[in-house]
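These are the structures, in structure tokens.
Presented sequentially are two complexes of chain A, the first with chain B as partner and the second with chain C.
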Partner chain A sequence: MRVANRLVPLLLVVAALMYLRAPFMIHAAPLESVMGVVQKIFYFHVPSAMMTFLAAFVCGIASATYLWNRNKFADHVAVSAAELAVVFGLIVLVTGPLWARKAWGVWWQWDVRLTMTLVMWMIFVAYLLLRRFGGPGSEILAAAVGVFGTALVPFVYVSVNYWRTIHPNTNVLRTLQPEMAEPFRWAILAFLMFFTALLIVRIRLEASRAVLEEAYALLED
Partner chain B sequence: MRCWKIDVKRIVRGVVMGAALVVAMAATVMAQTPQDGFVPVTDATRENLPATPLVYIAYGFVWVALMAYVFLLWQRVGRVERDLAIVNAKLAQRR
Partner chain C sequence: MSTLRSALLIARKDLLVEARSRELAYTTLFFAVACVLVFSFAFVSEGKAIDGAAAGILWVAVAFSGTLALGRAFERERQSETLRALLLAPAERTAVYLGKLAGLLVLMAAVEIVIVPVIGLLFAAPIGRAPWLLAALLGAGTLGFAGVGTLFAAMLVRAHSRDVLLPVLLYPITVPVIIAGVRGTGAIFAAEPNFDAAVAWLSMLVFFDAVFVTLALWTFAPVMEE
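Now for the complex of A and B:
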């Protein structure tokens, strides 16, 4: 706990500094030949999507663990990760249309990648709503929803390679030019630090809530 | 025999009217200023939909969303810790 106390402010400060530096690096990166300036949204759209996937995986693994052995810590991790999946997913769903408006001429296209991402995001919103309003015992049903939402992640990822879509495919990341790869890696690292700090704080909040509920129960006895 | 003559007249009339329509349309098209090629843009830096504001909005949204979440999280942590301190104090009084 003491390590986390020191780690969280450090991660937040370093991530904030990296976020401030990122625009200068992104500005210095070369323009993409077809899309031009608007392609620069890529440098925070894709890291946000990566964090959404990571959050979904953490939620799925923690939910499966909770379903297996009813471990309370796993439940705290699952609900925290689901909330982060919604936050980073929202960033993906807002920055994506801003890019699409210029690149494709439309804000939204009901193609497989976009639609599946929206559905996955809505599953994690449903998870949070279930936890908030589901009442006692809803954590078991929510855990099943979390596992279901996580199962969608691989499909969302490979959807651009297997179905006809106007969304760039996964080869874009592998074939990235070094001048573009550097700010991209920088942005991923900044997002990852921010994500880790938020996850630690959110898990601690959930643990404190559980202690508070127990304390209330003791008070009522 | 008479019916056949009437049909021919109708056909001839139809063909004449159709031809007149085609000539009129062709004349209208030819009356327009012909375009010999693509018209170059005089101001190359100006676009119909500038991309830079979209990039700024996207980057700004990332900041606003993350900062708003941090703020809300900070408030929730503060509220829970405050409640926990109150409940613990009540429990201590009871003991």
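Now for the complex of A and C:
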């Protein structure tokens, strides 16, 4: 963890520089033939979505570890990842409709990826609500929610997929032209570094909070 | 004593308490009927329900009344600290979960037996078209809903603001159940019924039940530890 803490400033600086260069790369990338300039939001929308699901996955694994091993560190990781899932999920849910309004003519469609992202986002908001208002002992309950939330992903995907879909599918990513793929990969990397830095800082904060809480409890006894 | 036998005893205890007071059965049932009524004002125009409304209203009524029953069933255990006694009993934790789940399933089934004819009556829904398929969809959906719900209601017994947290947690997680239930039932009720689609949704529900009841059995013991 100490090494990870030392990494934070480096990650933040590199991420900041990458974010600064990203707009120029995105500007230089060719215009998409049908959607035109609207498509450019894709370079931020998709990496945010990837971070959301990465965060959800991290939260699920950490929650399971905490649930069965009662490892405090795992709990700190779980709550930090859940918060990041909500933050990056919000970016996805805001940038998505901005694009959809131009591309599909509507803000929202009950499509598989949209619905799944919304449901996942709601589960992590519920997770945070439970931790915030559940009172003492709610971290164990939240861990169960984290495990269930992560196990749910394939079900929501299959059920909504069978129901309806119009979202561009993941094949788009593999058939991306090189001029578009380069800024896209750049954006993913920038997001990943920023995400990692935030996660480490948030875990550190959570650990300090736990120590402080223990100290208060000792003081009261 | 085997797990199954303990579970049956717990379910029997719950149903006996319920049979004496009938509090849950009456209130949940009336609540479900009230739900149907409220939704009928939203989805009936010029004397006719919009397409697919009957299936949707049926499942919303099941989900809402199920949440109410789940909350009350555990509130009853909390009031006199009987849940702790139940957990201290020399029975496996999984038996407690299974017993509670069985009791709730019987209760929700009783509500559904009344609600389905009411929907058929008020929305002219063809409930007799494929009764076994409809019953299977309702059974599998209820199991999935109550399977997750029993775990969450049980673990929220010790939490603050449990009344509002239960639906907040339960609805997003049971989204696949609601989608599959509504679509499957809708496929039966449609003007041109599609039984293959209903069977496909049913199989998804069964799969959901298998995964999530197993997961709930697995998480119940660590979650209920003090």
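To be clear about the criterion, the second predicted complex is superposed on the first by the 204 of 221 C-alpha atoms of A that agree within 3 Å, B and C clash if a C-alpha of one lies under 4 Å from a C-alpha of the other, contacts with A are read in each partner's own complex, and residues count from 1 in each chain.
Here, a contact is a pair of C-beta atoms (placed from the backbone, for glycine too) under 8 Å apart; a residue touches a chain by one contact, two chains touch by 3 or more.
Just so we're clear, the structure is a prediction, and the values are computed from it rather than from any experiment.
Undergrad: Does the superposition put A:108 against chain B (first), chain C (second), both, or neither?
TA: After superposition on chain A, A:108 lies in contact with neither partner.
Undergrad: Contacts for A:129 in the overlay, against chain B (first) and chain C (second): which applies, first, second, both or neither?
TA: second
Undergrad: Considering only touches as defined above, state whether A:73 meets chain B (first), chain C (second), both or neither.
TA: Neither chain B nor chain C is touched by A:73.
Undergrad: Where does A:202 make contact in the superposed view: on chain B (first), on chain C (second), on both, or on neither?
TA: first
Undergrad: For A:57, using the defined touch cut-off, is the partner it touches chain B, chain C, both, or neither? Pick first, second, both or neither.
TA: So A:57 meets neither chain B nor chain C here.
Undergrad: So in the superposed three-chain picture, is A:144 touching just chain B, just chain C, both, or none of them (first/second/both/neither)?
TA: The answer is second: A:144 touches chain C but not chain B.
Undergrad: Would you mind listing the overlap between the chain B footprint and the chain C footprint on chain A?
TA: Dual-contact residues (chain A): none.
Undergrad: Quick one: which bits of chain A touch chain C in the complex? Just the residue numbers, please.
TA: Touching chain C from chain A are residues 67-68, 119, 122-123, 126, 129-130, 133-135, 137-138, 140-141, 143-145, 147-149, 151-152, 155-156, 158-160, 162-163.
Undergrad: Along chain A, where are the residues that touch chain B in the complex?
TA: Residues 12, 19, 23, 36-38, 40-41, 44-45, 48, 87, 90-91, 94-95, 98-99, 101-102, 194, 198, 201-202, 204-205, 208-209, 211-212, 215-216, 218-219 of chain A touch chain B in their complex.
Undergrad: Touching chain A in the complex: which residues of chain C?
TA: Residues 148, 151-152, 155-156, 158-161, 165, 168-169, 172-173, 175-176, 179-180, 183, 200, 204, 208, 211-212, 215, 219, 222-223, 225.
Undergrad: For chain B, which residues count as touching chain A in their complex?
TA: Against chain A, the touching part of chain B is residues 49, 51-52, 54-55, 57-59, 61-63, 65-66, 69-70, 73, 76-77, 80-81, 83-84, 87-88, 90-91, 94.
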